[in-house]
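Chain lettering (A, B and C) follows the sequence in which the chains are written, and residue indices restart at 1 in each chain.
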Amino acid sequence: MSTAVEQTDSQADDCTGKQAALAGYVAEFPNPSALKQAAGQTREAGFKEFDCYAPFPVHGIDDVMGIKMTRLPYIVLACAFTGAITAVALQYFTNAFDYKYIISGKPFFSIPADVPITFELAVLFSAFGSLLGMLALNKLPKFYNRLFMIDPFLKATTNGFFLAIEAKDPKFHENDTREFLNSLKPIEVVACMEPNENVKIPKIFLPIAACILIFGLVPLVVIARMRVTPQTTPRIEIVHDMDFQPKLKTQRFSNMFADGRGMRPRIPGTLARGDLRHDTAFYEGLIPEQADKVNREHLLPNAKKEDGTSVSLDKMPWVSQIPVPVDEKLMARGQERFNIYCSVCHGLSGKGDGIITQRAMKLQAANPGVGTWLLPTPLYSEPVRKQKVGQLFNTITHGVRKMPGYGSQIPVKDRWAIVLYLRALQESGSGSIEDVPAEIREKLNAEAKE
Amino acid sequence: MASITTTPFDITAETPGKRAPLVTGNNDYQTVTDQVCRLAEVPARTIPKSYWVALTFCLILLANLGICIGILFTQGVGVWGNMSPVFWGWPIVNFVFWVGIGHAGTLISAILYLFRQNWRTGINRAAEAMTIFAVICAGMFPGIHIGRIWVFFWLFPLPNSMLLWPQFRSPLLWDVFAVGTYATVSILFWYMGMIPDLATFRDRAVTPVRQFIYGIVSLGWTGSARCWHRYERAYLLLAAMSAPLVLSVHTIVSFDFAVAQLPGWHTTIFPPYFVAGAVFSGFAMVATLLIPARVLCGLQDIITVRHLESMCKIMLATGMMVGYAYAMEFFIAWYGGNPYEQFTFINRAFGPYWWAYWTMVSCNVISPQFFWIKWCRTTPWFMAIICIFINIGMWFERFVITVTSLSRDSLPSSWGYFKPTVIDWLMLIGSFGLFFTLFLLFCRFLPVVAMAEVKSVMPEPVSEHE
Amino acid sequence: MKRYQFPAWINPLLPVLAGFVGVVLVYYGGLFVYAIQPETSDVGYRPEQPVPFSHALHAGELKMDCRYCHNTVEVAAHAAIPPVSTCLNCHRGKNEKGEAVTVGIRIDSVKLAPVREAAALDESIPWQKVHDLPDYVYFDHSAHVSRGVSCVSCHGRVDQMEVVEQKATLAMGFCLKCHRHPEANLRPVDQVTNLGWEPEGDAEAIGKAIMLGRGIHPSEHCWTCHR
């Protein structure tokens, strides 16, 4: 390709077959000095739209051609400042503002520690600035260039030295300019044609772009749908990291044991440390001196003696004093716990009208056989009032008659708190209007009348 | 077209007032271009067999690297020899070694350019390519040593659902930025330098595929004087920025050690010492690559003995600097009067790793002394041997610094002895496979010499036209 | 051979193409970020449970306190999933002799069959964990609940959910946001299980007062949650 063939301006038409317009003349020169000399004469002749082409930068041709100093250094300087400011801002925002974390007692923000990254980003930004700035100022990339159509011009990147004058120069004249170029003693002068004036982007790209855009919406719709719909499967984890460790966790499955439970039930006949529970008054509500005589089986609901008769719970050696210090805090605690565990059936006042009881009774009335619910005894009724605190405690622990026990659900001290609150409920539930202080009584009466 | 005839001339002689030509033989612009383009343009079957043998060998090493990385990912970092107390073992040694290698390229392109050292034109392209490939090898090690490669992006300050940011007060993060910037800027510099040469490839291409591909990558470069003007300015700016960048990179790498409080690491001499060592090892690697490559590509007229000799002189100078630093470390340990520091250095030279220390000293300080002799500087095969020794010595330097200090630190009960595993060895060898594979591909597909720059320092041809 | 020449329209196309590629990159970058957010991947997890237990009925309509079933929440790291016996408090069927030992409702319900079966065989019901943190996170319910962080802050309005699903991301950022500025999620301790509680007046000021009153300074160190 690099063999120079003597060519004239006969390549008027290209593959399109269209008559091409004259875009300028290209003259080839033998060496850099000749090119430089020719460039000087062209400039002196008054041409503005001309350029020289060489395989390497020809020393001194800038001055001869009158090329002004590029403004690239300013672009690069701006980039460097942008990089430095970005770096300082980044380091300040991340380590001194958004995520303050003390590490080795180092200050959150200090200029010396910021120097390396500030320098690096300044260089990084300005490196992009100089390459992209150079390309932009040179209007590159420019893949189509009419000069590439001229065969001898291919030497311009190997060993050819060219000078081109464009037709758009005001001084350009089809014949005069050719004469002028010939007068510069070139190897040859070639006409440069412009076969594709005023090209437009083919219309085909419009539907292609539209298709890409429409297909681009598909993943958005898929993801947006995923975001709003509940999933029954957990999220997809490509790499588990240490999310699932082969260790035993509370209430989790483990294949180490036959029953698949990670937590172990207590082995019969053993006791955990600190779980001896020898203080029977606190743990069982029984007077310690007499507790040994009590058959613990008889404390369970609906217990029967060996002879088949019912156990009389009232005659058990129950404690009559709450075996923990009684204060307002315990009372408040008792109220809270009562409201959590007891009020669902017994109602907030202990009357036996809890929401669950109401619903259960309603359901049973509608469909007999759906349940075996019974109305609970009002907690302020006479028999319950007569019970010692130990018996009330036992009832909460093991249940009574048809009531299930809450011993496993409520800690011991909380059960005593509930017993205390129960006594308060019984006081209020069995009182009469006479027990209320006079001034409040009137108010209550007034409210009742409304 | 003109041709330049040169009389037989000792291009390595230092005759005052007489400049030796940088390109020898009867070469003009055309023949220089032909020589540089030859390996990239000839059909595959005419390429010397040695190329294919070398490429096959390197690809095998590369495959070995791939397998090792696969093992690493599936098994975890336990496949390495890193073990208490040496947690910074082999991978960091390799990282620092490769980053050091990657210093010669940009140094040649940038610093020698600013100093107007025209002889750089023959070797700068290959050296820059080598830089980039070495930085790729280097960057690989921190990338894989995090163990969980799929979260490598945690190295960068990206907003995340953990509301965390990287720790900007740590030299390890400075390292990420320094090496990342260096790799990026080196690639930009390399690519920008190649644009005019890629245009040469495009214009010489005979098949439409090559015309298309090189047409794309050369961005429509024409060699217009107005373009050259901005191009040279941009090149100068990049060189001016790259020069301090080169110095900063190994400085920051040395901070990885120097900012720590470990005796043997916590020294202020580290930045200049590391930079000198990096330039030293980088030039050794450039020479190791170019001595066979200039024969393989037939570029003896462009990469001349004079180029090699100049590199030897730089290696001699930087080798002496490194030797000075070794001596100074001992002096300061003694002069500073810190018993822990003194112990560390005595342990370095006479402790369990004495063999590594003395390998390092003999390769790095003694072997370059041969370059005082002119015959050694101008005999390529001898140079190649010395350069390989320097490469080995510089690897050991990083090994000595990293491993000896860590293996015996302040707690004697946890002292240990670092033993690399097979995977460690295979990975080091594999990283050479990656490096040489990339270099061989570079020789085949890209301009190995900056043709435009070489032509600009050649004497102008005499016109035969008139 | 004729040289390959780029078509002339490639020059005007290039800037358009660059703009188009830029838009595409920004769009797909944004889409990627949108896709990998925990709001997409984690929120809305609603596994099928072995028993169609309705929180909306029990905690909502019947106003049962959360702690009736999850009774360890105030004292332990783990908020207990109730054992079968807790279900049996109200849903025990008849025993083999056909008599009801305790009160019970819906004692023949098919939906409750797994409960009765588990009780008979002394097995656990395989409930599916909805709010599951990674195993390297050590969250403590008691530390939060006893300082006035409501259930609703992390679990949403469970009392309105027929089937429980994950409402919060439970990502690390979700935790840290509150640890850095807890005032928005603090309330009087006795209102912790009142999921519909609304602060009277300025929520921020109330939260700040509670913070000061109880000396709440949530830790942000790694080892607070990771050991």
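Going forward, a contact is a pair of C-beta atoms (placed from the backbone, for glycine too) under 8 Å apart; a residue touches a chain by one contact, two chains touch by 3 or more.
Note that this is a predicted model, so its numbers are computed, not measured.
> Should the pattern of chain-chain touching be classed as line, ring, star, complete or other?
The chain contacts form a complete graph, every chain touching every other.
> Which chain has the mean of its C-alpha atoms lying nearest to the mean of all protein C-alpha atoms shown?
The chain sitting closest to the overall C-alpha centre is A.
> Would you identify the chain whose Cα-based centre sits farthest away from the centre of chain C?
B
> Just give me the whole-number Å value for how far the CA centre of chain A lies from that of chain B.
Distance between chain centres, rounded to whole Å: 41 Å.
> Take the average of all CA coordinates in chain A, do the same for chain C, and state the distance between these two points in whole angstrom.
About 15 Å, centre to centre.
> Chain B to chain C: how many Å between their CA centres?
54
> Multi-chain contacts in chain B: which residues touch at least two other chains?
163-164, 206, 215, 220
> Which parts of chain A, given as residue numbers and ranges, touch two or more other chains?
Within chain A, the residues that touch at least two other chains are 1, 101, 141-144, 241.
> Of all the residues in chain C, which ones touch at least 2 other chains?
3, 6
> Touching residues of chain A toward chain C in the complex: what are they?
1, 101, 141-144, 148-149, 195-196, 199-202, 205, 209, 212, 216, 219-220, 223, 226-236, 241-245, 247, 249-253, 259-261, 301-302, 336, 339-341, 344-345, 355-356, 359-360, 363-364, 369-374, 399, 402-404, 406, 408-411
> Enumerate the contact residues on chain C facing chain B in the complex.
1, 3-4, 6, 37-38, 169, 171-174, 176-177
> Can you list the residues on chain A that touch chain B in the complex?
Touching chain B from chain A are residues 1-2, 30-34, 39, 51-59, 61-62, 65, 67, 70, 72-73, 76, 80, 90-91, 94-95, 98-99, 101, 103-104, 106, 110, 113-114, 116-117, 119-121, 123-124, 126-128, 130-131, 133-135, 137-138, 140-145, 147, 154-159, 185, 187, 238-239, 241.
> Over in the complex, which chain B residues touch chain C? Could you list them?
Within the complex, chain B contacts chain C at residues 160-164, 206-208, 211-212, 215, 220.
> Please output the residues of chain C touching chain A within their complex, sorted ascending.
3, 5-14, 16, 20, 24, 27-28, 31, 34-35, 39-48, 62-65, 67-68, 71, 75-78, 80-81, 83, 85-86, 88-90, 92, 94, 100-108, 123-124, 126, 129, 132, 134-136, 165, 190, 220
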